[in-house]
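After this come two complexes, each holding chain A, first together with chain B and then together with chain C.
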Partner chain A sequence: MLSILIWLPLAVALLAALLPRALAPRFAALGTLGALGLAIYLIADYSAGSGMQHAVDEIWISELGMHYKLGIDGLNLFLVGLTTLAFAAAAVWASFREWDRPRLFYFHLLLGETAVLGAFLTQDLALFVVFFDLMLIPFYFLTGQWGGENRVPATMKMVIYTFVGSLLMLAGAVATGVLAAGDGQTLSFAFSDLQERTLGEGTQQWIFLLFAAAFLVKMPAFPLHGWMPDAYKAMPIEVVAVFSAVLSKVAAYGFLRIVLPIFPDASAHFQDLMLVIGLASILYGSVMAFTTTHARLIVGYSSVAQLGFITLGVFALDPQGAQGAVLQMVNHGLVTVPLFLIIGLLAVRSGGSEDIRDMGGIAFRAPVLASLFLIVALATLAMPGSGNFVGEFMILLGVFETKTVFACIGFTGVALAAVYMLRAFIRMMHNRVGPKVESREVSLRAGLVLVPLVAAILLFAVYPQLALERQEASVVTVVETAQEVAR
Partner chain B sequence: MTTSAWLVLALPLAGTLTIALGFKLWPGRAAGWIGTLAILASFVFAAITFFRLMGEDEHHRQATSTLFDYANTVGVDAKVTILVDPLSVLMILVVTGVSMLIHLYSVTYMASDRGIARYFAYLNFFVFSMLLLVLAGNFFLLIVGWAFVGVASYLLISFWYRRKTATAAGVKAFVINVVGDIGLTLGAFFIFKNTGTLDYLGVFAQAGDFGTNDGELVAGLVLLLVGAFAKSAQMPFHTWLADAMEGPTPVSSLIHAATMVTAGVYLIARMWPLFEVTPAAAAVGAVVGAATLLISATIGIAATDIKRVIAWSTMSQIGYMIMAVSSGAYLGGMFHFMTHAFFKALLFMGAGSVIGAMAGAQTMDRMGGFRKALPFTFVTMLIGGLALAGIPPFSGFFSKDEILALVGERGGWHWALYVAGYVGAFLTGIYTFRMIFRVFFGEPVTEARELEQGHLHHAEQHINPTDGEVEDTDVGFPGPEHYIAERERPMQIAMGTLAILASVAGIAYISHVTDFLHEFLHPTFAGSEYFDSLEPSVGFTVFGWVLGTVVGVSGVLVAWLVWVRRPGTSARLQARFPAIHRLLENKWYFDEAIDMVFIRPGAWIGRFAQQTFERLVVNGTLVSGTTMIVRAGSQAVRAAQSGLLRSYAAMLLLGLAAVILYFLIRS
Partner chain C sequence: MSGPHIDWAALSPLIALAAGSIVVLLVGLLRPRFARESLVPLLAFVAFAASLGLVAWQWDDNASIIAGALRVDELSLGLTGLVAIAGMLTVLLSWRGDAPRESAHGEYYAMLLASAAGMAALVQAQNLVSLFLAFELLSIPLYVLCATELRRAPSLESGLKYLVVGSVGSATLLYGLALVYGATGATDFGEISDALGEGSMVGDPLLLTGLALSIVGLAFKASVAPFHQWTPDVYEGAPTAITAFMATATKAAALGVIIRFLDVALIPAEPDWSPVLAVLATVTIVVGNVGAIGQTSIKRILAWSGVAQAGYMLAGVVVASQLGIRAVAFYLAVYLVMNVAAFAVVVARARETGLGDSIESVSGIGATKPLLAWPLTISMLGLAGIPGTAGFIGKFALIDASVSGDFAWLGVVIVLGSAVSLAYYLRVVAAVWMREAPRAVPALAGGSGDVAAEDLPRSGPRPAGWEVTFVAVLCALATIALGVVPGPVFDLAADAGSALTGLF
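Moving on to the complex of A and B:
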């Protein structure tokens, strides 16, 4: 089941490559919708609190102890759902316009989906590293070949940056597997084995730093976000939507799935450092988001801030913070995709510019678009009543109970989010009409993509318990050990 | 009982969805009627809830009902729960009743606006949010309702979104309210940390376990007060309310006078079990309330925009309520909330009618002599003004008197608040009647004279009253039509009903005469240290009545002397005391102070981060540095113009090969 889900996009991509050019986009979009259907089935089928489900465990390279081990539990269930939804939205959205070499484009996009799903579903560290690195390749091509202005230096920067992170992680993963295998034990990279074979505290610490570097770059977190602005500006809008919504979550997920359970002592040791990085990301991201005028970067920097919140939640090292962090990963992904897609629509209406100074007054003839945007914007600034607020509430509550001061500082990020999101919304949709602005309503087909995304946001706004109760057991398990150490 | 309460909540939401989803289908005023009917139905169910509640015996007038789990996990117990008790029922009755009348008024007032469907969708959403706020049975739902009313308020303040002043005012209101939301959330955190629950009744049951002035509880409650101050426009979080007058006038009437801004009063009254064990936090509320009531009353005397005068008056009156509920005078606070909702909504409606007659102009400098041209508006506004100024036998007299009598009865340092209350009452008389005299008395202005001939003035070009910019009329207002109550039946019904209520609502509680409100609220405050025990004697009550009458009447008299008897006195006073005038005109420089302390440093940090830090440190050092190191390192591999991927793949392969080699050797 999980194998089908992971490899379905790639299979579709390969088939699409054989189809005539005209059919490839629709076929690819259909494939992503199929994956979405599978993910929805998994969510519906999931029974809360009973460990790994649909588990697969095949020996892959026995000499290296590498297993093809997959499983779904509360931690990755909704992230898988998010991934398939984001890619489906991106693929369908992309099929609305003509691409240069379309078959190759969709091949890369769908290969990206396979890699992300693999990273979320794998239960083996070595396999995780493979998928994690595989993610980079299609996005390198998608940016480098279909990107906008300055795509080449932007791609270079992004690839080098994340590549360094990947290498560090590779080293860390190898070291973990090798050092964890004590005398007479066979080498294994399975998470479940590594969790039992606790490493010495000193070893944990330097390996922790390797993983943290890789994940923080990927998120991106302050001050390792230097690649983000140029890359986000250069990517096609559909690509940046999935990139920002989903790939950053793999990193945050990595902290919960790998770092906390396998390096609990180091996690507790570096708790304050990570909380400071989280806070710095929140504050810096927010400040940048309310000063930049480039619409994409507003969302990009707001993501830095949001991932700062998620980092806080993870390193609260208690179940409340972790519950909030996982929920917030899903919520943030859900708002990021429509935000970028809407920016794409608005740019079309303001003479192609994505600068908010060239926009303004677009709401007038586009009430439906304005309403959809408003809902997404309010969810992004984590208005109480949105799922995002539940996430932030749990995160900050988790931090508050042990690290009150950190939580209080974290709250400034909540206020700043209101400032930058409203500023963006007003400068784009309200005020006087911009010089090149031509307001018109969202088209039906764009609406067909946006409405389900907004519906998903509303679903989590009305009933976050849906995710929380399914996540609970798994989330408690992954933070347990680190929490005990930290206390 | 709870079923009807759920329906009270559900109907405005259904109204919102109906109007919003079918916004293209509703012709003309249909959206307005749908909205009004939804609230009317909600009011009917509120009344049913009231009678069901009264049908229970005194000890059973409290019920909770849970719809579903919202975030019930890992120790957090956030559920969709409502609490129905006398306090929340009083709130829903007033909220739905006044809202219904304001919806009715809006059906005409907003009839020529192109955004009428959007307007009523927002307005219905506001009512839903407000009801959610007052019916919430736990802190989580309270925060949700609290934020929802803030959003509704934002949307309606910047309803005419082509006006830069309106969008700026909206942002200001929203951000200050978010600060309040944060205070509320953080306050709830402190309480949750110590009680392990978010549920009101669960928390209140543990109130007795806290010591007097327990440190964490004081912190928590002061943070709750930040939420209350931001929402109720109390110092120093009050600056948004005057700017909020950018919204349509019925919005000012509903949200920024009658309902939302009193949420802070409700919150403190609801939290009485906690405030009574932490007198330190309660004192903060009482002092801030007293300071706000004085300062905003002085500003009200200098303001020239008719809506802003009423807005400053709102802050001042809410100051009374906040002071009351923080001093244990719950009855007085809730009583004044009710009467204030009636007369203040009425005053705003009257102002809307005057603004209609002035074709959108709001400054009182251009108004005058409307008495004959707008007789209905004059009479109803006069009633509202008398109630506001606390002249017997209008409702405001009894409720304000009740507050001051109870605060005086507290004794101790509360005497200072008692005195402040009477000083405020004197100022109230002045600013209220300054407004009435300047608008309705004196020489009729052109608009008034034309209207006496039966011609409603229309402006050729609409000018934004705040910044003088020419309006972009694409977004509805100022639409082609203006409306005055004299010609519109729905506006008359709304204003007439409120005028009657503003006149007679005082009978709900007249100390030593009628006791209804006290009896009604009693179950909510059972066990309170002050609710029953603060009982002013007959002598003190009568003394209060006499003093209140004297103070109120002398305020009116001063206004009469300055603005009717000797016109020009005001200008002479301004010339004599320029410093004081400047202080009042600039609203005690609160905006400037906030600008200096928060906004400018914020902008500076933003510029620094954007222009300097990001460029030099993040891009310069980190990115280029890393890039350089990697480039140097991979120079050999990428000798051929292979591009990056090949070198990446090569390095990955090399790395893997090394790993494999290592393991092969090791095993």
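Moving on to the complex of A and C:
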């Protein structure tokens, strides 16, 4: 079941490569919808609190102790759902446009989906590294071949930045497996084995730093976000939507799934450092989102801030904070995709510019588009009543219980989010009509993509328990050990 | 007095190469064009294939032959097999190239086979004398092969440079071997090890000097920094097919002999050489990766990357464990397919564009030549160690070996080196997919394009030939296959690792 989910996009991509050019986009879009259907089935089928489900465990390379081990639990259940939803939205959205070399485009996009799903579903550290590194490659090509201005330097910068992190993680992962295997034990990278075989504290610490480097670059967190502005500006809008919504979550997920349970001592040791990084990301991201005029970068920097929140939640080392963090990952992904897609629509209406100074007054003849955007914007700024509010609230509650000072500073982030998001909304949709703006209602097919996304946001707004109940048991398990050490 | 007993079966892979060399030389003297241009390469190919088949036949053999001069075990057989595979691919790449035509077909392929025989003997050598003989048999034909594009000055320069530097390397090695003999009183690896094992020779200056000089001599051949300076120039100047052969087969042979010499003969002195070698590996990784940045010729990039890759593999030797040898043997195999794929594309594009081997020659081929673009892309990603390719598994195994051997920091050096290497590998990939094909006339191209410009009439644009594309696609598929299902080759590498029973 999980194997089908992971490999379906790649299989579709390979088949699409054989189809005529005109059919490939639709076929690829259908494939992503199929993956979405599978994910929804998994969510419906999930029974809370019973550990790993649909588990698969095959030996891949026995000499290296690598297993092909998959499983789904409360931690990755909704992230898998988010991934398939985001990719389906992007693929369908992309199929409205004409692409140069379309088969290659969809091949890379769907390869990306396979890699991300693999990273979320794997229960083996070596396999995680494989998928984590692999998922960058299609985005390198997507940005470099179909991107906008300055795409080649931007994509190189992104790849080199993130690969330095990823490769350090590779070294860390191998070291974890080898050093954890005691005398007479066979080499194993399965999360479950590594959790039992505890490493010495000094070892944990240097390996923790290698992993943290990989994840913080990927998020991106301040001060390792240097690749983000150029890359986000250069990517095609569909690509940046999934990249920002999903790939950053893999990093945050990695902290919860790998770092906390396997390096509990080091997590407690570096707790303050990580909280500071989280806070710095919140403040820096918010301020940058408030000052930049490039619409994509507003969302990009707001992601930096949001991921700062998620980092706070993870390193509160408290079940409540972690619960909030997981919920917030899903929420943030859900708002990011429509935000970017809407920016794409607005750019069409403002003569191709994505600068908010060239927009303005777009709401004039487009009430539906404006309402959809408003809902998304309000969810992004964590308006009470939205799922994001629940997420941020739980995160801050978790931090408050363990590290009160950090929570107090973190609260300012919530206020700042309101400032930059409302500024962006007002400048784009209201205010004086921009010079080249041509207000137009959202088209039916674009609406068909946006409405389900907004509906998902509303679903989590009214009923966040849907996720919270299912993830609770799993979240508690991963935080447990580190929490004990920290106390 | 009777000669030593000879186990002909165990010796057969080596005999196939040597005999093939003589036959090819003789057939090359025949008058008909067909014999020279088609039969000779075919026979050379058959000789390599026969050698590979004999390796498979002898696989489980484990014997010292010809009075202990050579050792036939899984390690030497495996590396002989790699040399044979590299030889087969090289024959395909050379078939319709300029080098055999200009230098005479028979001699060209005979020399190739002779050099391969030298490599096979080198990885089997377990005696100082046979080691040096094999070393020279490997080197001298290669000096000549580098210079076989007679009408191209850089090729001649390459041959001469390799001859001079290589001779210095050989001399150093010979001096070192003599000193090791002087210190231990034995030429047989086993006896040297016994003599050292007695413990009376700890810190003996004669031994240490001999050790240092022989490592330097071998390092020249494996292009380990700081003895690598010849590599970029020689690789760039030599005919591309020969470069591919040197990059893959010579590297396998050189690392094979380093492993056997250090891990069998000098294993009691391991505390003396392993830290030195660790430092050499680090320097090599840094120098190779930094040198490759900013190169505009793909062959030079591959030369520098080859230096860096030698450094990665040396890390597997440093730890002196079966795990390490397994990792090196596996890496040599994947390094072979990844590199040959890239060189095949260089051959094809040099023939098609006349732009030589500059990055320009592959610009924009993503849109027009998928059968060349994909192999080059996969090769570059593989060399960089991206998952899904064999390079990733290879690096994983090397890091695994270094961490297990208490050299965790060397594992970190490997990954940092790989991170730097992305800067130049991805530059090639970016050229393939993200740049327009050059419209400029070849004569205007910079860098090594000038080289092609000098003799345009000779190497003007022409079709690449199906066999070159075939080699590129085959090697690319192998790169992916070994990245997804490394099991079978990994088992062979594990056999090779466990052949040296003196290690843990």
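Operating definition for what follows: the second predicted complex is superposed on the first by the 487 of 487 C-alpha atoms of A that agree within 3 Å, B and C clash if a C-alpha of one lies under 4 Å from a C-alpha of the other, contacts with A are read in each partner's own complex, and residues count from 1 in each chain.
Here is the rule we go by: a contact is a pair of C-beta atoms (placed from the backbone, for glycine too) under 8 Å apart; a residue touches a chain by one contact, two chains touch by 3 or more.
The model shown is predicted, which means the values in this text are computed figures rather than measured ones.
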Partner chain(s) touched by A:Arg197 [first = chain B, second = chain C, both, neither]: neither
Dominant contact partner of chain A by residue count, chain C or chain B: B
Touching partner for A:Arg432 - first (chain B), second (chain C), both, neither: first
Contacts of A:Arg101 with chain B and chain C, given as first, second, both or neither: second
Which superposed partner A:Val164 touches (first chain B, second chain C, both, neither): both
Contacts of A:Leu397 with chain B and chain C, given as first, second, both or neither: first
Partner chain in contact with A:Val174 - chain B first, chain C second, else both or neither: both
Which superposed partner A:Gln465 touches (first chain B, second chain C, both, neither): first
Partner chain(s) touched by A:Arg26 [first = chain B, second = chain C, both, neither]: neither
Touching partner for A:Glu63 - first (chain B), second (chain C), both, neither: both
Intersection of chain A interface sets (partners chain B, chain C): 63-64, 133, 137, 140-141, 155-156, 159-160, 163-164, 167, 170, 174, 178, 187
Sites on chain C touched by chain A in the complex: 326, 366-367, 381, 385-388, 392-393, 395-397, 399-400, 403-404, 408, 411-412, 414-416, 418-419, 422-423, 426-427, 430, 433-435, 486-487, 490-491, 494
Sites on chain A touched by chain C in the complex: 61-64, 101, 126, 129-131, 133-134, 137, 140-141, 144-145, 151-152, 155-156, 159-160, 163-164, 167-168, 170-171, 174-175, 177-179, 187, 210
In the complex, chain A residues that touch chain B: 63-64, 133, 136-137, 140-141, 155-157, 159-161, 163-164, 167, 170, 174, 178, 187, 223-227, 229, 284, 287-288, 290-292, 319-320, 323, 361, 363-364, 367, 371, 378, 381, 383-385, 389-390, 393-394, 396-397, 400-401, 407-408, 411, 414-415, 418-419, 422-423, 426, 429-433, 463-465, 468-469, 471-472, 475-476
Parts of chain B lying in touch with chain A, wherever the complex brings them together: 20, 23, 68-76, 78, 118, 140, 143-144, 146-148, 151, 154, 158, 161-162, 164, 167, 170-171, 174-175, 178-179, 181-182, 185-186, 189, 192-193, 472, 474-475, 602-603, 605-607, 609-610, 614, 617-619, 622-623, 626-627, 630-631, 644-645, 648, 651-652, 655, 659-660, 662-664, 666-667
